[in-house]
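I've put the structures underneath this note.
Next come two complexes, and both contain subunit A; in the first it sits with subunit B, in the second with subunit C.
On to the complex of A and B.
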């Protein structure tokens, strides 16, 4: 199939591993799904310490399950990416460890306090939900299929995040104050989750033309604002003055993009942001510490005739 | 001899002796599960493969669920999560030191071995709780048992795979040498809870064998700690030896093994003495609760039935 045919046929769940697809499509799809998978892993990395710090057994259970879900999503997405035949899962995980793998801007920032947890679990996951819902109609069928499960579970995460937010904002003055401060810090990053405006986005045109991407950055961002600004206010959060957000006549919102720090965003996109590098390297160190186990399993597998070991997992 | 089940009083009519026995038993059960789960979660996002990451997270959540079940029994004595976990004096926790030991970075041999040593002990004690004179305890055994056999299978699969590789087996051996003494504390008697009698309180090693005897005499558990310990040894020692691991204990299978005071670690957990790692762990998991100035842990799930 040549690229013109791909563009002609591009529709929801149109292509599967049975199709012979041009390299350009397979590479674009791999880049997109790998980014998504990496983001699941790095999000889990960021949230893991809060399993321990959760202020009750129920919250601890929910947090452990959430982190587990994210790793499960990563597993599912790497499989969907692998099926394009461009990169193996090992290559993608190695790239992530080496600092070559790209992932969401929000997961490059450190998270230090419990009051920050709903910034990820409610707002970032809520933003992710919006994007993922549109990806159920992406043209690469294995990706769309993975999104079915991911969206289902992500719904619980957002509810969990919303519940934590609601609890914090109805707690003591101190809790409310701390939560508002965290919100002000995270809000611009959350808006940048959707990436630069359409005219600055590098990969958008092609991905949209072959049906991989279903909605533009601008549309997704605006839809997110329409939905989440009222939610934030409902829990008593004040929307920061910057970035400036205009309310249109019809009650929908639009953000003044020049108020956002795009230098920082593109530094992050290159994996050159200092805190993010710390997180990439922290994960790398943890993975290197268990290299010996993977080596043992591999030796075991080759001794057993090259079959990937399953039993102990 | 254990008394028959109907001899143990209804929750509202417990006498002092029954209360102390019930509280001591449930705390040792719940604290073990809670602290072990807390340690397991350290492997989330750090396990060797995505698959093993998912599996360990699963076990952690199972153990946390079991902790919830045992703590909930103590609701009958008027205790809530606040008194039992988030505002409890760390010296009043009664878990075995096996479960509080910190993991050395990357030492996957440890969670695997720890899980095996613990899960065999848990299987045995669950059997001894199946006919407990306290119905709420007996009722919860089956649910927990259904999850435990998977844990042991998972641990054994990993042990066998690691033991098959010379270098990995050496790691297992080093870890076994460190963990085994702590595992023996699983069967040590508990100090009674604070305020129960003269043996309790701030005195270290304030063990009261009377409480442990009461647990069995009142039929709360149908086997003694000695019996459980002996059975455990008769399972784990031959199994570990079959993997070419040397188990640091005196005696042999024919005459039984001898657990001497010298074989036990200085800190035994059950008696209220803990290793330094416990103070740090306690400080970490109560941090948010303290920082936010909470006075009640949030319940978001229904109480167990």
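On to the complex of A and C.
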């Protein structure tokens, strides 16, 4: 299939591993899904310390279930990416460990306090879900199928995150104050979740023309604001003055893009953001620490007489 | 030799198990599957898989869950205020349905 045919046929769940697809399509899809998979893993690593810090047994159970889900989403997505035949799962995981793998801006920032957890678990997950819901219509069928399962589970993550926010914002004055502070710190990053504006987005046009991406960065960001600004206010959070957000006549919102720190965003995109290197290296250390587990499993599988590699392999 | 057959109704859908065929090899299995399982119901694609290649695990081998209360894992366990985003509400509905089906077993 050539690229023109791909563009012509591009529709929801249109292409599967049974189709012969041009390299351009497979590379674009790999980049997108690998980024998504890496983000699931890095998000889980960011949240993992809070299983230990959870303030109650209920929160601990829910938080560990959530982190477990996110790792599972990463696994599903590496499968969907690997099925494109551009990169192996191993290569993607190695790239993530050695600092070449790209992932979501929000997961580069260190997270220190429990009051920050709803910033990820409610707002970032809410933003992710908004995007993921549109990706159930992506043209790469294995990606769409992964999104079916991800969206099924993700509703719990968002509602649980919202529940934490609700609890904090109806807690003591100090808790409310600390939560507001965390919100002010995270808010611009959360808005940048959706990436640069359409005119600055490098990959959007192609990805959209072959049906991989279903909605533009701007549309997704605005749809997110419409839904989540009222939610934030409902819990008593004050929306920071910057970035400036205009309310349109129809009650929907639009953000003043120039108020956001795009230098930082693009430094992060290159994995060169100093405070974020701890996240990348922490994940690398964790991967190395459990290397023996992978080796044991693999050796055991071939010893048990599965599909043992031939001597010539 | 028995081949398990999975049918996909339309492009982008899931291949779901729909039966099996008796055939000496893969080629014949594909033909029999097309005849026996691809004719009456709408079919976009069929998979045939040798039965002995299918691994199975059931309730006697392992506990699949459902006996422990894990309500904290469901969106339905959390009461929040205001209108939820469409996709969050959808997810919650799917979970509520799955939760109900679990009770039927």
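What we mean here is this: the second predicted complex is superposed on the first by the 292 of 313 C-alpha atoms of A that agree within 3 Å, B and C clash if a C-alpha of one lies under 4 Å from a C-alpha of the other, contacts with A are read in each partner's own complex, and residues count from 1 in each chain.
In the analysis below, a residue touches a chain if its C-beta (ideal position, glycine included) is under 8 Å from a C-beta of that chain, and two chains touch if they have at least 3 such contacts.
Keep in mind the model is a prediction, meaning the values are calculated, not measured.
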Check whether A:238 is in contact with subunit B, with subunit C, with both or with neither, and answer first, second, both or neither. neither
Could you look at A:298 and tell me whether it touches subunit B, subunit C, both or neither (first, second, both, neither)? neither
Answer with first, second, both or neither: which of subunit B and subunit C does A:58 touch in the superposed model? both
What is the contact status of A:272 with respect to subunit B (first) and subunit C (second): first, second, both, or neither? neither
Give one of first, second, both or neither to describe whether A:151 is in contact with subunit B, with subunit C, with both, or with none. second
Thinking of the overlay built on chain A, is A:45 touched by subunit B (first), by subunit C (second), by both, or by neither? first
Report for A:181: first if it touches subunit B alone, second if subunit C alone, otherwise both or neither. neither
Kindly classify A:163 by the partners it touches after superposition: subunit B alone (first), subunit C alone (second), both, or neither? both
Counting contacts the way the document defines them, which residues of subunit A are shared by the two interfaces, the one with subunit B and the one with subunit C? 58, 61-62, 65, 163
Residue positions on subunit A within touch of subunit B in the complex are 41, 44-45, 48, 51-62, 64-65, 67-68, 71-72, 74-75, 78, 113-115, 163, 167-168, 171-172, 174-175, 178, 283, 285-290, 292-294, 296-297, 299-300, 309, 311-313
Using the touch definition up top, name the residues of subunit C that touch subunit A in the complex. 11-14, 45, 70, 72-75, 77-92, 94-95, 98
The subunit B residues in contact with subunit A across the complex are 34, 38, 41-42, 44-55, 57-58, 60-61, 64-65, 67-68, 71, 81, 85-86, 105-106, 108, 154, 157-158, 161-162, 164-165, 167-168, 171, 284-285, 287-289, 291-294, 297-301
Which part of subunit A faces subunit C closely enough to touch in the complex? 12-14, 16, 18, 58, 61-62, 65, 126, 129-130, 132-133, 141, 144-145, 151-156, 158-160, 162-163, 166, 227-228, 230-231, 234-235
